[in-house]
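Two complexes are shown next, each including chain A; its partner changes from chain B in the first to chain C in the second.
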Partner chain A sequence: MARCPFGTQRTRRFIPWASIAIPGAGWLLFGLYPSLATIGYSFTRYSGLPGTPLNFCGLCNYSAAFTSLSSVVGDAVRVTLVYVVGATVLQTAAGLGLALLLNRPGRSYAVYRAVIFMPQIFSVAVVGAIFALMFDPYSGPVQKVVNGLFGATSAFLGSSSLALPLVILVNVWMFSGYTMLIYIAGLRNIPPSVYEAAAMDGAGRLRVFRHVTWPLLAPATTVTVFLTAMGTLGEYALLMVLTGGNFGTKTLGLYMYQSAFGGDSQLGYGSMLAMLQFFLTVVIGGGLLFTLRRREISL
Partner chain B sequence: MKAPSPVLERTDRGIARGSRPWAKAPTPSTKPAKAITTNVLCFAIAAVLFALPLVYMLLQAFKTYTGFLQNPTGMPDPWTVESFSTAWRQGDFGRQMINSLVYAVIPDTITLILGVFLAFPISRGYFKRSNALYTFFIFSGFLPGGLIPLFIEARTLHLYNSMAGYLILTSLSGAGFFFFVGYIKGIPREIDEAAALDGCGYVRFIFTIIMPQMKPALATFAVFGFVHAWNNLILPLVMLSDAALWPVTRGLYSFFGEYTQNWPLIAAGTFIVAAPILLLFVLLQRHLVEGVAGGAAFGAQGVTAAPTGVAKTGQGEGS
Partner chain C sequence: MRTRTPVAILVATAALATVLGGCSPSSSDAGAGSGQKVTLTVAEWTNPGAVEFTKELNAKFEKAHPGVTVTLQTAPTANAAWQQLWNSMLQSKSVDVLAQFAPTQQGFAPDYTNLKPGGSSALVASGQLTDLKDQPFMKKYDPEVQAAAVGYQGGVYGVMAAQYVGAGGLWYKKDLLAKHGLSVPTTYQEFLDACEKLKKAGITPIFVSAKDGMHGGVWQGIANQMIMKGRQPSESVKVSEDRATAFWKGTQSWTDPVYREISERHTKIMEYIEPNASGVSQQTAPGVWATQADNYPFLLDGSWDGLTIQQANPKLNLGFFTLPGTDDPAANRVAFKPDLTWVVPASSRHKDLAMEWLAMFSEPGNYKKWLEKTGSLSTQTAVRNTELPWMDWLNTHMGDAFPQLSDPWTPAGAPIDAKGPDLYKMTPIGGDSIDTILSRSASAYRKSVGR
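Here is the complex of A and B:
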């Protein structure tokens, strides 16, 4: 513990505490407390209407989730897992491919990188509107192209078989630029001497990638897979704008939002769903960190 | 596709003059024909896959509604800017734009300052368990999402559906301080001792000595914080029921539901909402894009992020 050099003999003990008082209190009040209170509210039937009691009911929400309403919650868990796995795999692949293509010197490549990075600076409300137009079944350009190519029409975001893959694609479109940049940072950290040694040994481009580039990108893969998985696990605003959770796109997060704020104001039940999402986060996040880190070491 | 504006190109020449850490990277561009093919391929990816949806959206805004109905996927005929003024009026985007600015600038500034005041004593280890405190702060980000209790709390404290309340909520809940902790560790302690000996007060020291030293970190955080606050849709949906208090994102969400199928109008509204962020991006794209690539977003500005360093701080970012 270091001594604070500021202030007089009398005040120097209190200066560090005064410094963190306001942001610390804010964090306790609006950060830590709401997080922990979710646990408490998940054991209630609280409706949030002014004047109504908390209606503590033990495990009622959890038992409801696992029995009578199991199909809804089960579906939400399944959709969440598909969404997380699909978006993480595709985004990592897309980001890696883009990084390998675009990690070149030159002004034009800097512009391309900027354009590919750009989508994620927009609000989900903006991205949602853009792709609602692109996939509009009546007047959208995608419908026209698909119709011209295959002579078929589709409801796209209104189709229960296509909606989930499409929102995954929109998510990948929005964020693969970020993954690309993480991989580019990783690529720039690989010393050229490694490539020279590989070239000396007569390794072809595919072998160089498989045995040199990919293993040395392991830390970048750890970061991007972990961040993407955690990000998509908690994401629901984009889904809300694109499909409203209809057509098989209701993730746990969106289900939580809709049960709490979608008119029913089942705040207790919503809190329980937030807890389920938390359990998923811990299991997936912990599992990912463990395997990705071990992979990094063993490579 | 003509996304790169003069500004973009100018800042880009700036990069070209500066150091290029990747210039020595082994890129197989010895054969000019092959290099051109790669360049064209990259251009096609950037233009068709990433820029085209935006450009297409923008084009719709220049159509009249009947023009759109007659030829939804063609070029505007006749061209008109009427949708922009109609959308601006009917969507009340003028008022919302001001709201958005307030909701973005004020919390961004306050969290920035409070973040430094929170980070400095922890970074310097003035508390008995500064490191434990730091770890706890970071891991608290992995606790269950607190949106529902935050809503209940906001109503109890009369912060619900009020501009001041929304500002208090967002100014104080904003994390990001751990972004600064590592950075402050890089500022030598001797400065503290010297300043204290000269009789410099704590607050003055933070504002006049520490914060100027942290300029790159503060700038990056300010930009990302601004963009994040401007784009936020969920919190305004939950906390602000009164349409007069809405930011542009919330307004666009309703506008979108109200004028379904009137795509020229929606496109104009969408572009109005996206324009300030787009402008910011064009002005600062070098900072944002190459900043992330260099690890600036992880608080490792100026450090050629060592692989493990990126991994560690990267995880912090995810919390």
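Here is the complex of A and C:
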């Protein structure tokens, strides 16, 4: 009988428990505790600064959000929904397009894929700062290009009509490489025999995509749409660096961050906004999963 | 086995307690003067001049205190990085002297409002900062100004070491104005006339970063001068408080005629700013402005950016004045904004050393250097403002200057409109008219305070 690499019988009995206990303790400390604390703080007027009192106030923050401050919360929810829908649709489309274009053998394609994925590894703050400089109307290069091509100028990130679309585009630029990888994995899971059968039936490229590739990419679409929507729902850093939440770009996440950690930090109010965001995430995430899974089954 | 377990736990606990006890300092300045190494930690936000000065002072302090090392922690104010740094340093009780923005009396709304202090006001109100009122070095500072900036219930919880002109602050290019036969305007109408003359000469009069809200300085500047007209500088705290009370009780509103007049004047001046100003960030504005010597005679910006402008163009013949917001030259006074305030957290492990550091900082020779590096206005009674060339106008107009008025009290999460007109949405930056903006502000304020 071969010697067991995991020690004695007694030690072996201990390993599964330890495997659960260590990550479990981590989850309790860094997952459950902050979540419960956020729920608790949402019923207070706590500043979040060390040594300051909790100031329990019951439902005061929730009441304010649905009465006196309903317009500002409502605006933040509306901007969040536009941001989530815009970023999810564009990022999914861009990721799919890139995957179809670059899912080919060869070193050069591997380099292209790496280049397109690269923005994902940069810090959001760095990407935001670079784009903010690029879009500066007086010192940035984008104005010169736009002026040269169209003879027009713009305030870009300082324009109420352009700011949100531009932030969405920066988000898409940054994360579409990730979506591309998910779709490439999906494309490689489609058996070649299906394409051969379609070719024998005389299907053209467009028809093959419509009736073979797109339906069989349904699981990949579920993953990418769900992850993108959830990621953008909680997004605040990119918006903060690019626009500071001005010009119609204050999402619920940014409003929460600024309330909880801004100059007059009020963690209690920010925690209530985090709870609203959690509720929104559950509703949107649950709705998306339900719809996309049903689509997968029907296909 | 079972009977031995509690004993083992007791022994382990005692051993741990001994070890931990040995780790913690037995006095507030353990090690200082006893040959042991002590580290004093100072933290401030990234302001090039302030950081340069603090490093020099730290070296001087280390020389005068053998065995003491002073470390400096910094972070930029942009994107809440500084907020994160000081919050985490306070949480870990690892800072001895900390820079804060002066909370001013706006941070302490009366009990009947049921508003709880946030930010540094919350630290003061909950006893997390040390009262410095009786420290000998505090005698060097103007007690009234310090109390207005960081006073609370008779105590003074910091040293407000820097104050700047923010409301209505205007940098100007002396040579460019002279080239067009213009001098520093003293009334609102003179300023408009100067702008019109420059515009006719093909020059865009004003450069501003409206992306980061610097155009708010125009509105604030006019408001401060109009509301404080005929009042003594020492009355500004009371004027702020009375105004906040009137707003809270509903006897004053953003739709009142005075705010309409301020908004009209603001909008008129905004006709002379550069195109696409709402896309220009404050990070680039001083540099872009400084390097274009033949355009944009005025830059709307606070007096804190002197060093940045001079570094961008050392040859620029630079001046600074406050926008005249009324047609009465006597009313067009300087409103200064309390800014960097040194505080000593109650959790500081080296309080005595922190006080010695502040005492050294406050020595006239050192404080004078601080003023030179930061371009700050002096908060010490015996130290005059520096003789930096751009400070000539300020030095002759500081006699009747007053602390900038603060906004009415608003609860956490209140929309930007509640604290004043949303100048991002007001014409010409936004598309909304003055009436729409003021009505929206009045409504936002009423709603946010639950009326």
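Everything that follows uses one rule, which is that the second predicted complex is superposed on the first by the 268 of 299 C-alpha atoms of A that agree within 3 Å, B and C clash if a C-alpha of one lies under 4 Å from a C-alpha of the other, contacts with A are read in each partner's own complex, and residues count from 1 in each chain.
Operating definition for what follows: contacts are C-beta pairs under 8 Å (C-beta built on N, C-alpha and C of every residue); 3 or more make two chains touch, one makes a residue touch a chain.
Computed from a prediction, not measured in an experiment: that's the story for all the values here.
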Fit or clash - chain C, chain B, common chain A: clash
Touching partner for A:Tyr112 - first (chain B), second (chain C), both, neither: first
Chain A residues touched by each partner, larger count belonging to chain B or chain C: B
Which of chain B and chain C A:Phe247 touches, first, second, both or neither: second
Contacts of A:Thr52 with chain B and chain C, given as first, second, both or neither: second
First, second, both or neither for A:Tyr138, with chain B first and chain C second: both
Partner chain in contact with A:Thr67 - chain B first, chain C second, else both or neither: second
Touching partner for A:Ser154 - first (chain B), second (chain C), both, neither: second
First (chain B), second (chain C), both or neither touched by A:Ile121: first
Contacts of A:Gly263 with chain B and chain C, given as first, second, both or neither: second
Region of chain B that runs into chain C when the structures are aligned on their shared chain, from 2-10, 110-118, 254-262 or 290-298: 254-262
Chain B/chain C common contact set on chain A: 48, 50, 125, 132-133, 136, 138-139, 237, 241, 257, 261
Residue numbers on chain A that touch chain C, as the complex places them: 45, 47-53, 55, 61, 64-65, 67-69, 71-72, 125, 132-133, 135-139, 143, 153-160, 237, 240-241, 243-244, 246-247, 255, 257-259, 261-266, 268-269, 273
Residues of chain C touching chain A in the complex: 79-80, 83-84, 87, 90-91, 93, 101, 107, 116-119, 121-123, 125-128, 210-213, 274-281, 283-284, 287-288, 346-347, 411-415, 424-425, 429-431, 444, 447-450
Contact set on chain B toward chain A in their complex: 3-4, 8-9, 12-13, 15-16, 20-29, 38-39, 41-43, 45-47, 49-51, 53-54, 56-57, 60, 68-69, 72-73, 114-115, 117-118, 120-122, 124-128, 130, 137, 140, 142-153, 155, 169, 171-173, 175, 177, 189, 192-193, 196-197, 200-202, 205-206, 227, 230-234, 237-238, 249-250, 252-253, 256, 261, 263, 266-267, 269-270, 273-274, 277-278, 280-281, 285-286, 288-290, 292-295, 304-308, 310-311, 314-315, 317-318
Of all residues in chain A, those that touch chain B in their complex: 1-7, 15-16, 19-20, 22-27, 29-41, 46, 48, 50, 98, 101-119, 121-126, 128-134, 136, 138-141, 144, 173, 177-178, 181-182, 184-189, 192, 195-196, 205, 218-220, 222-223, 226-227, 230-231, 234, 236-237, 241, 253, 256-257, 260-261, 267, 270-271, 274-275, 277-278, 281-282, 285, 289, 296
